[in-house]
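These notes concern the structure reproduced below.
For reference, chains read A, B and C in written order, and residue numbers begin at 1 within each chain.
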């Protein structure tokens, strides 16, 4: 029915797409692991990042990959302010409050984008969008190969930030023992906002990696939200290696089920995995916490 | 006593709306009122589980859509009477609720996990409805036009509004019963503290199952009525997240876990939405921006919604959160 | 009435309760004492069905209920209070208690009438319309008691209901507990306040580091060497005896 080459190509495609998924999920799981909040606005923030990349390219002629360098600090700042000045104060720490505040935020962002850019899909035309990298008998798309590479580098960088820097140590301290951390003089609200900012900055990189081969519209991020949650839950809420492996896994599942079921029905595989994991093992493959 | 006052005030409000409609209202106002009542009913359904039971669902579209598709398919593909279709829609919607509830509650899901899994279930149904033939696929389905009470369609839309008002009043009555009954007391108890509830002999699994079934049935009813009004359904309307969000917004902004919350919320939000749309010159999305901001403001400053906020001012904090 | 035999509970490595056995006779007030962290609350949780034991059995009125869910045990007449009070914060006092009363009547008016009576019995009669979140610690402890009582229990498990109360509040609550027993309710209570234990209990069990180290009449148990050492450390019993001898 399908030749091994096609299946293998789908597999590789899935892996490469999964790497970008993993990057999106990385931010989400980091935020969950430290703040213990489910950030429902993560998808909408991804859309913001994609629009920023698009604007940088459309208005200033920046290459999407170069735009990452500009958009990342911007998204970092946006994330910091959102957590410090809106989500944190509004929710007052209640689980339900955070869920609803971030849901409200995602609606606001999505519809501000709709009001500002209307519902047209935007793309960036690059010379290399359809460039092919041959790997043995396989033909791989260049943007996806770059996506895989940059995602891996970002994950390593994130690991280094968490383990080698002062703010990383503070973040880990707050994640483990919030009260203790505040007693030794760590400003918890600041660390929370920094974590949220780092998680949001990951989206800028993901946005830059997606734009050469993907499009953006106000609802684009919403489509990624459940995928990202699936990865996070699958990998174990708060687990960074879990998010990486989960992302790759989900990418492969999506590619393979699209191959066999077609694009629209293919997505169902992800949701079924999500439901199954939640029902059977909500701590995920690598998570310790219930 | 205060509850009685609120109940009577709400009925009086509905009565005035009905009388005004009969006396004659412009068509666009009539349409807005019809939509308000459909959302109010959807939110009344959400409120049973999310408000009184504290189990916030992000996927009530699963029930709304099941109700809508059931009655549509029965009418168009099997020539079954609209009222019978409505009853079947409610039953099937309730069954979907019971199934999702059984799986989620047996796994002990609550909080964000419950919100996410309900959303995922609704998405699965949306994708299926979008690709199956008997739901009309991506093209959707139409209910053929047949005016008359037996068809639950009216050339004069005032009658339809009156029927909707009747159902919303029924929802109020049901909530009033709920607030007084053992079932309601148990539901609120498990929301406030499920351990303590169990210690007092509450079978929390059973109560949650009853709550989601009832909640789903009401929302499915709203879905059936939606189709009878718009005579068209597709996967994104029936199972799209918009309706889950509207239900949740209306209930929470109005006051989750209160009798009046869903009605207040839907009238206020949709009214405000119309106003912003007319002021912004019809730019898409502006009304939803306002909704989102109001939701965040409510989370921050009025955790018991507008009903709670007003009641606080009114009773000077004496009866805050009194829900039984 | 209650036989909890050879109960063991492990929390990932930590042995919280180790082969502990307790028997509660019908009509008695039985005390359970022991230093902090001894495993008393854990033992209660196993008896009430909130934790499942790693080993051992729980028998209530001659029926094995070891695997039974908490709400079914409550329906059998086994009620507990929580050491860390667990009020339904958003409900007023009357409705909090009514949740317990609904176990025996589905009639809302009757349940609220019973709730009012129960509230009066524990001294919350004048706070019926107050939100549970607005009660003092002493008030919340009484609310715990009232809610459990409203389920009309046969056996009442009280987890440190006197902790956190001042002496005058304790003096008010002691007769209430005695009165509950007079009305035919068997009581098993965890308590730190020795004066209360001596005053109320017919039998006392002593738990230390998960093990039941002594049981018997309160006066006898209190002079038991092992018990004193569990509380005051190794060698304390001998010191006390020596001091006693020196005074004599």
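Simple rule for what comes next: contacts are C-beta pairs under 8 Å (C-beta built on N, C-alpha and C of every residue); 3 or more make two chains touch, one makes a residue touch a chain.
Computed from a predicted structure; not experimentally measured.
Q: Taking the mean of all protein CA atoms as the centre, name the chain whose own CA mean is closest to it.
A: B
Q: Farthest chain from chain C, going by the mean of C-alpha atoms per chain?
A: In terms of C-alpha centroids, the chain at the greatest distance from chain C is A.
Q: Rounded to the nearest whole Å, what is the centre-to-centre distance of chain B and chain C, using the mean of the C-alpha atoms as each centre?
A: Spacing between the chain centres: roughly 44 Å.
Q: Hey, how far is the Cα centre of chain A from the one of chain B, in Å?
A: So the centroids are 32 Å from each other.
Q: Would you mind pulling out the distance in Å between where the CA atoms of chain A average out and where those of chain C do?
A: 50
Q: Within the complex, which stretch of chain B touches chain C?
A: Listed in rising order, the residues of chain B that touch chain C are 180-182, 185-186, 188-189, 192-193, 195-204, 320-324.
Q: Which of the residues in chain C come into contact with chain B in the complex?
A: Touch residues, chain C against chain B: 48, 50, 69-72, 74-75, 79-80, 82, 86-92, 95, 98-100, 102-103, 106, 108, 111, 131, 147-148, 150-151.
Q: Can you list the chain A residues touching chain B in their complex?
A: Its residues touching chain B are 38, 86, 89-92, 95-97, 99-101, 103-108, 110-115, 118-119, 218, 222, 226, 229-230, 233, 262, 264-265, 267-268, 271-272, 274-275, 278-280, 282.
Q: Could you pull out which chain B residues touch chain A in their complex?
A: 54, 56, 58, 103-104, 107, 109, 111-113, 115-117, 119-121, 123-124, 127-128, 130-131, 138, 241, 245, 248, 252, 280, 283-286, 288-289, 291-293, 295-296, 299-300, 303
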